């Protein structure tokens, strides 16, 4: 089956009968809802670009099993080149959407499950690897978008899953039947669920034997009975309802988060990838998180490219592109952004094969990558706001600008360089606002902090991966300390 | 005349017939408009607190001329104690409103004009000081709120006022009559104009003789003919129209910015404080900016207190208040916030008298203060977002929460610690969102960058005030270099 | 008795028969030893400047008891003006010596003991306050330099004093006699001990009842039997033995640290200020540390002034004083340095009276001050090294420069701007080396980190002083959370 | 010819009759001089490790021309794998020496010249490529160490080479003969010259036609007539003369810098690689600098590993390895160090072929790499000093420690954890001192700043390589700006 076009994809999502709620009401047509559509467009870009010959090498891969060209988002990485291309594909998509394009979680879940189910089967004699591969071929064959859902609501962070006052605060198996299991719980902060055909569910932390019911992984279609979504509010969300292209900054692309509720959902046996093997929950989490921390070294860099470009355009329009402090700030933004890219590339180039044969990123460097992503975008945003100037947050609405009476005054007084239209100036400032404070800031700032795990999660992993005993030996040798 | 109560103040503003535009339409009743009202409430707090005995010492002062108790916002600082109390008053108001309370610009313009008009008169034989003092007594007597308007639109930043393609991009005198002058132009980013009785206009940069028409300062009532305002869009502005107290985070207080247009406004002679004496434009700008850079060491610290508190509450509700990394982040936020306060206090305590007899802050330290304000709030916000967790940007709307069908699911799954209501948890996250990304982020972040001049403006002043030749001498002496 | 001149002071120290060891040998004449003399000269500056009319106001104070003019280093602060003048005096001395002038510890111990002994007496009926005042008058009368010794060796940091394998790792009372006590132990990192007439010993941490023998404070002359010092090695210490003024960078001033051993030293009853009242150990430590953390907001700022000046001179000599990135780095150095000064001034201006009547700094702000001192000097040094260029660490020795054969080549090739002598260029680079890597770096960098307690000690105090509950209340009020 | 052993190498250097001056005197036997020997040992490690089978893959490569195994330091990179292995080899050597091992400059000069001479010949019909290859084979065949000398003294930085008051402040051709040229000038900050068999000289900046005499590159043996060196002073240099292994921290390895003077040196025609083709000077400089900026992403990371290990050992010895703030600081040090490594790996993995066929690093990422190296080691050092504690700069000398009378007191009072010897504790603190303030700090700090060009040089390159126009296009497309 050929790769879907963007339009095919849109229609395929429209055919799914997902239950989506927003502002207390069910959304009849999520595909055409103005708040939700930009996020769908971002995923669509992963299909559109895969159709273009110039991006074929980055956007697609050849399945070693079928020999077919498949979208790279459904691919299992077979070597470090694949890992590097993943990062470059993500940077490209970040540049084209200035938003989260959401399809990475499925790819990262794929690669984590491929490696982990293989090892579970080796150890426990289960058949999760076969289950997973069957599902994988189905996704590749049909060019589907898959959500990878990890984050449970978690309730009281000081308690483990089974200790919570409400046992459902981590998703769990509530019934076991001969042909499958019934699960209950929720997954929070799901960026791409709304635009996915299937959802992969994984546990969110390492577990002990007493948490066996929580050690569960599986995949089901997004319109499975019992699943529904409540859309999260984003900064400036309803501005998209106003019909102003200018005021939203980025009118075409976006990302949206949802709380996905699993209200007693049945999962057939052949879609189960983990079921009680608690000792493997941690491995699955670490690997998914590792791949996803690599991802941020690509996607956020692409968004950063747009923000750097926007700041440079704003400086041009202000008439100050050659001021030394402006140039220096653009250099600093670039420096920080490329440092993130270095981390994304490095953890990929240093990848190594798993027992299952696919390639895992260097875990230490992937965590270092994400840790930097929790810092640098904030400084890049600060510098962008600095260059943009205060007008970024005080400019009047497009309605004012288009008003016959007010418009001429705004045209007159908010003009920067005389040869640039006030409209263009306002547009670029709105884009910077969008990425600094608006809907896209949710993705570029807060998600950079918390997506793929908060900063402290990376620090724990850095400590675990840093091989401090070896470093102590090196130091003792140099210092002539013999113990 | 006694100090106005908050209610008196609201009514006095309602009586003014200001022209205010928003979303392409004139606002009939700005006082009761849901987007604008929170900003009025913030100013009101400067009246309400002045009525309370426990704050009398901070909120009021005794006029040395009249012997009357006046609101400190209308006071001329007579000693360093006044300067320090100003900062403490601002921190208090930041704590009570978590927003910009707007009345500082008038106070800062008062003190800059008091000192500068005196020196102009000394040099030029003008009578601006008398003009200003008459205006000052009127304001003190009637306990008015005064906007201090400095920032011109500035057009092409590489050109001086008279070089702009459109000569009105800096406000200027377009006609001179026996009884006064006519001015044309605009002032951008005016936070308090909407809630002020009077507006003081000042030039925005140092000027050369050829910019004489631009070297103009004066005061007029906000409802003077020819003045109108266009309200700027803030992140999440229209959320205030939805009627949800929860979703806005801070439902009672806020700040709003406007473009104030002077469409050929007449200014009577006795309200003129500068008129063509270009050599004093720079002094006026530097002093106003200096006072205002001091101000940020008070108000933003108060807002920071609220944000630190909100992050600590969020950590409590997540069940992790004793995690070492959480405690360390709260310490870091506090450390940064108190460093800002140190700068605000220090530039005040090191103040010195002007020729006119009022007290000027230490200019070097005031610029250092503001320079830190362009950095630390961004890091404080980042840490707050870190502690808050991703739910801050993905939580559903209050409508979802109140919905009979969805509500119970949200109640169940978004609960943190079992003994804290989900509602309270969502409220505190919305407050953090408000300060990080929402309407208040405009004030706490972007205004911290650009208010009272962008970072580079402070750096220029730091260079000018740093007495580098003296430092070179010290170094040469130690190094035994004789030249 | 009049204040001592610098020369008087030198002679008075020479008369003391202290036991000083260095490189495994007793130093016969510490006063004239080339490694030790610069540190004596730094203290001498506290006497020399006190003789000059232009510094009288900063360097001296009037004793309220005797009405005599005393050196401010022996003064008890009676108001915030005193606290502010202390900081200014310290900045002045840092500027004049580019080194640690050592006399602050005694002043800080004085003020901590004055307040604390008063409160102990109030509570316990002891007579420590009288003891201390008698000692204080003796010091003021004779214009003595007093070391304030707090830091015990501490052994295993995870154990309290009485739990250590060797009970002497914290200084303690080993015998009690009718007329006094015998103490054993050591005080580490004592910068000024060598140049002091008297030494005040204090405990180094808060204590519990089982540590009663360790809760001891007293003063004895530096040449008391049983006391000896071992001088610590500093980076580049022996360069001072080479006789090259140029190569040492700062040939006249310095600071030196010693391990002071108390090998069963007798302390007469009237010199005891604490003896077993464990509940007051913590108060004494906190107050001394608080005053001393304030101090760093003065002295290190003065040293910073010299380093900024040196970097500016180096830039001049390289011919690049107007390069925008050089100017920007000098601004950044100044900004950071003045931020430290703001903290020093602010914690002073916000001081408040103790029960004993002297003035205590604001404890929160003093800890914030020191915390910044653990960071900014490192960045200032980095920027200085950046401006200086690599020659700072690769320039040949003065012997090479003076050599008839090599000299001309060095003269030729290491010249910067043609109108500046190579000698002057080398001198200024050596000064920067001295402060970045050499003997003075010990004081400007490592001591900035660890002096008056390491960074974590300040963080603990910031947490304790930050009144987080109040901040939480503010946030809950704004968020309409009622509990 | 087989690869040299370390011992062979030492003897080969001993046979060279280099002229070396230090402290105003010629050094008779540089190989055995205690100040110089550690730096020779560092280079020796590049020979010793190449003999070990476990490091063969990193330390050696196969020459594609001769098919012989050659030391990787003499290799021309043929693919990205070579570039990555270079970085790993450098990290390994940094770990083994905790110092600069100096042989990188030759390798980087090799690769820059290989690519550039090829392109000059293509354009100008010269035969520099053949000249260079002949030299290269000679070096590979004999396993020589080659210095790569770029940095001229530069005099007044505001003037170009031919504008200097003294025309020799940039190295230049002073005479041209049929069989060769005569050059005069000097190269500053040469770390490895002393331990090299040959020296490659290159210009230090891009040039214009009027600087033709300065556009010269060539190679000559280090003992060529007219060449001599003056050794630069390092912090703590003479401590190596004292015979104390403990006090120097790292007694075996080091690095030393020299001013290399070319006092009318004859260069035969076949050793000339550039001679007046000014338009290629910039290309050569950029490529050499690019390779060398990559290098820092390896070597400094290895040194960082030792410093992190040393800090961890110090924490163990203090009894606080599990304190949360200590663990967090070790994590931060690791995070920063691995970020540097990411940059080293990334610019290598993203390398691309030159016209000559060898591989060039990604120039943007290599400059980003070095820019981070100008920052992070300073913070790593600061954190190491924090963990180490003040004793690092106040511990007595080994002579004190070994003294029969003083030793027991030092043994007693400077012990940390009871089960660790005081000697080991002092050793590890001396190593940290060595890297923070001592001889190795010159390499780990100042050289990290200025080696391969100062920070501003990288910023200029980042600006040039950042493709800002492309980023502006991306932003305009998202913002719907059509121009």
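We call the chains A, B, C and D, going by the order they appear; numbering starts again at 1 in every chain.
Quick note on the criterion: a residue touches a chain if its C-beta (ideal position, glycine included) is under 8 Å from a C-beta of that chain, and two chains touch if they have at least 3 such contacts.
Fair warning: this is a prediction, and the values are worked out from it, not measured in the lab.
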item	value
Contacts common to chain B and chain C (chain labels)	A, D
Chain separated most widely from chain A, comparing mean CA positions	C
Inter-chain centre distance, chain C versus chain D - centres from mean C-alpha coordinates, in Å	38
Centre distance in Å when chain A and chain C are each reduced to the mean of their C-alpha atoms	52
Where chain A and chain D are represented by their mean Cα positions, the distance between them in whole Å	40
Chain A: positions in contact with at least two other chains	325, 328, 459
Complex contact set, residues of chain C against chain A	324-325, 328
Partner chain D, residues of chain C touching it in the complex	21-25, 151, 153, 155-159, 164-166, 168-169, 185-186, 188-189, 230-236, 238-239, 242, 247, 257-259, 261, 263, 318-320, 323, 325, 374-375, 378-379, 381-382, 385-386, 389-397, 399-400, 402-403, 406, 409-410, 412-418, 433, 436-438, 441-442, 445-447, 449-451, 454-456, 459
Touching residues on chain A, where the partner in the complex is chain D	84, 95-98, 245, 249-253, 305-310, 312-313, 316, 327-328, 330-331, 334-335, 338-339, 341-350, 364-365, 368-369, 371-372, 424, 427-428, 430-431, 459, 462-463, 466, 468, 470-476, 478-481, 483
